[in-house]
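The first chain written gets the first letter, and so on, giving A, B and C; residue counts start at 1 in each chain.
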Amino acid sequence: MSEDLTKIDNTNVPANMESHDTIEGEIATLNLGPTHPATHGIFQNVLKVDGEKVLSSEQTVGYIHRAFEKLAERRPFHQITPITDRLNYCSSPINNIGWHMTVEKLAGIEVPKRVQYMRVIIMELARIADHLICNSVIGVDTGALTGFTWMFIERERIYDMYEEVCGARLTTNIGRIGGFERDFTTGFHEKIKDFLATFPARFEEFNSMFERNRIFMDRTIGVGGISAERALNYGFTGPNLRAAGVDYDVRVHAPYSSYEDFEFYVPVGTGGDTYDRFCVRQEEIRQSIRIIKQAYDNLPEGPYHADVPGFYLPKKEDVYNKMEALIYHFKIIMGETPVPAGEVYHSVEGGNGELGYYLISDGGRTPYRLQFRRPCFIYYQAYPEMITGQTLSDAVVTMSSMNVIAGELDA
Amino acid sequence: MGKITAEGNFEAINYEGFQLTKLDTVIGVARSNSLWPLPFATSCCGIEYMASMAPNYDIARFGMERMSFSPRQADLLIVAGTISKKLAPVLKQVYEQMAEPKWVLCVGACASSGGIFDTYSVLQGIDRVIPVDVYVPGCPPRPEQIIDGIMNIQALVKHESLRRRYSPEYKELLDNYNIENDIDGK
Amino acid sequence: MESKFTNDQVFDALKQQFGDAILSLENTTDNYLTVFVQPNEAHEMIQWLYNHAEFKVQFLTNITGIHYPDNEEGKELVLVYHLHSLQNNFRLRLKCYLSIDNPVIATITDIFSAANWLERETYDLFGIIFENHPNLKRILNEDSMDYHPMRKEYHLEDQTRQDKDNRFFGR
């Protein structure tokens, strides 16, 4: 049979319908978003596709711009913590504690060792929660929903631990400037011992479903890759950069909150593709468990907050009985904290990379300028370059592996 | 209820007799236990919604096993998270694309009234653009609260009259929002 | 990790290369090198730091703007570049004064691709115009917005909202 298979037989087509003599390639414009499945967040990609192949992409973000920076100029320093919660809401404690460290850096407050270790435990739990969402959702996007159901049970246990510390599940507003509002309760000690004993095995079960799974590997190896040079030029940080081969981790380069006391590896990938990002996050979860074990086993005794009466609310018995405590309580609630005028940039290793706080204060109640250096906003620019030439389904998996959180994207 | 004029200019009386009320009940029960939600999840409330889909809280036992992301196949629009002014036309378009009967569940403080974001870019409540049936306050609401909201929607669905979507009050409601109601096919 | 260079070393090298374009040094609480530079030299300076064999300042951390309405005329807006040398663990800040009537500065998207959206965000919020930017449109706000919201003269709240009364919200 030597007929040309691209020729369509038009003999049965009615006369008033359009006819084509051959199948031609046609560039179609496809709108991916702003609301799209798998609840990644609200951002729009208008793709030009030739069949299944993506030729170019144009992005629109800002669908959830909530004006955090302008809002922060209105609020006293301790009232800004709830706003920082809503940046990367999958790992809110990291944002909260990063903000407290920024104010402490500006005001020159030293926190006790116990507080630093407590902060490390909470931040690493948050990192595990964030990476679990990202990796489960990569599974969901490739059609494997079971991982999602298993790992969300584990996330509920992390939420239980947050509740023991601060009372909230997701938007935690954890800690205070100078430390924590209460010491770890007995409930927390039980839960974390239970978590450290049982989570690793369940996590390995989750891992075994994906890591050497042929279908998953076919879907993710070679997909959405980016080279290390391009990644650095685009300002990538965090697991996305480490998957491309650069071992930049703020916890190692500029250690904060006693991270230098702990021994942990920083996993680095080779190709920068989706499979590498998945594996880097999996390994980071294991390293986080390692850090939590070390921090918990060596938790030093001591106060759970710094002695800074100007920032940290005094005990209620003192407020009712002593004059100075009453005055400090009043001033803190009214927002009159003694933050000096100055300028500081502090960064922490968030779930997605270097989360930076650029704070300028003029000595008043509220910041003069607060800008969040949001990793998602900066690396999402590279998305068109990563998906050009790949198929539509690859584009979806790439987006979910980059872990773009809309709250952090738009602020 | 009342008179309707059909094609060919003859009048018919339409009122709910015994058989129709029993049919109402049966259809109400069937609908309320098989709502297909469209999760319009924007921000933090979306993560709590995902947690309520997860095995610990599991809204699949309420009949919401299948999340429909296509508005054409969804009954319940669950708006979870902050809606900004830039997103409001998109939300309205998604609402208009849904087929009757449709319900709207508004999850979270931001969707109900703007929440803590009283700013220049945030829509102060989605009831500025679409009619809402049930509000679930919270920042974010616990999954138990979201389930409570869903159960309230189910109560509404169970007791809704089959003629509600054709009634003049409903038309007036949609006119207030400038939403076209072409349920009569005109 | 300790930084391989001190602030003074880098400042002296900059001063030697660019002379008059370096306006002043500022002391900040975090002790990063903070230099005020002439806006029309900022692009060359960043390119020089990028290509410098020893400093290797090849990572752009952040670009942002600040509005000081009470500053003297011609200096109301400040544009801040945060740069980072990963190999040497050295961070610095370059700041430029821009006039609010004509805040124009050259873009650095040819050096760092990360600058694309960061500059768009600064344009959207402050109105600073970047010459030769490939796509200088609003990014976070709607395209129809006609003012730059982060400037100090504008309110946080939308004054046309109907359901909240300013009297009860302490505004």
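Just so it is clear, a contact is a pair of C-beta atoms (placed from the backbone, for glycine too) under 8 Å apart; a residue touches a chain by one contact, two chains touch by 3 or more.
What you see is a predicted model; the values in this text were computed from it and never measured.
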Identity of the chain that, by mean CA position, is farthest from chain B: C
Chain closest to the assembly centre - both centres taken as Cα means: A
Rounded Å distance between chain A and chain C, as computed from the means of their C-alpha atoms: 25
Chain B-chain C separation of Cα centroids, rounded to whole Å: 45
Chain A and chain B, separation of their C-alpha mean positions in angstrom: 31
Numbers and ranges of chain C residues touching at least 2 other chains: 140-142, 149, 156
Multi-chain contact residues (two or more partners), chain A: 62, 65, 67, 70-71
Residues of chain B whose C-beta touches two or more other chains: 86, 119-121
Chain A-facing residues of chain B, complex: 39-44, 46-51, 54-56, 67, 69, 81-82, 84, 86-87, 90, 94, 116-117, 119-122, 139-140, 142
Complex contacts: residues of chain C adjacent to chain A: 1, 26, 28-30, 32, 34, 58-62, 64, 66, 80, 82, 86, 89, 91, 93, 112-114, 116-118, 121, 125, 138-142, 149-150, 156
Parts of chain A lying in touch with chain B, wherever the complex brings them together: 34-37, 39, 41-42, 62-67, 70-71, 82-83, 85-86, 89-90, 133, 148-149, 152-153, 155-156, 159, 169-171, 406-407
Footprint of chain C on chain A - complex, ascending: 61-62, 65, 67, 69-71, 73-74, 105-106, 108, 230, 232-235, 246, 248, 252-254, 340, 342-347, 354, 356, 358, 360, 368-369, 371, 373, 377-378, 380-382, 410-411
In the complex, chain C residues that touch chain B: 140-142, 149, 154-158, 161, 163-164, 169
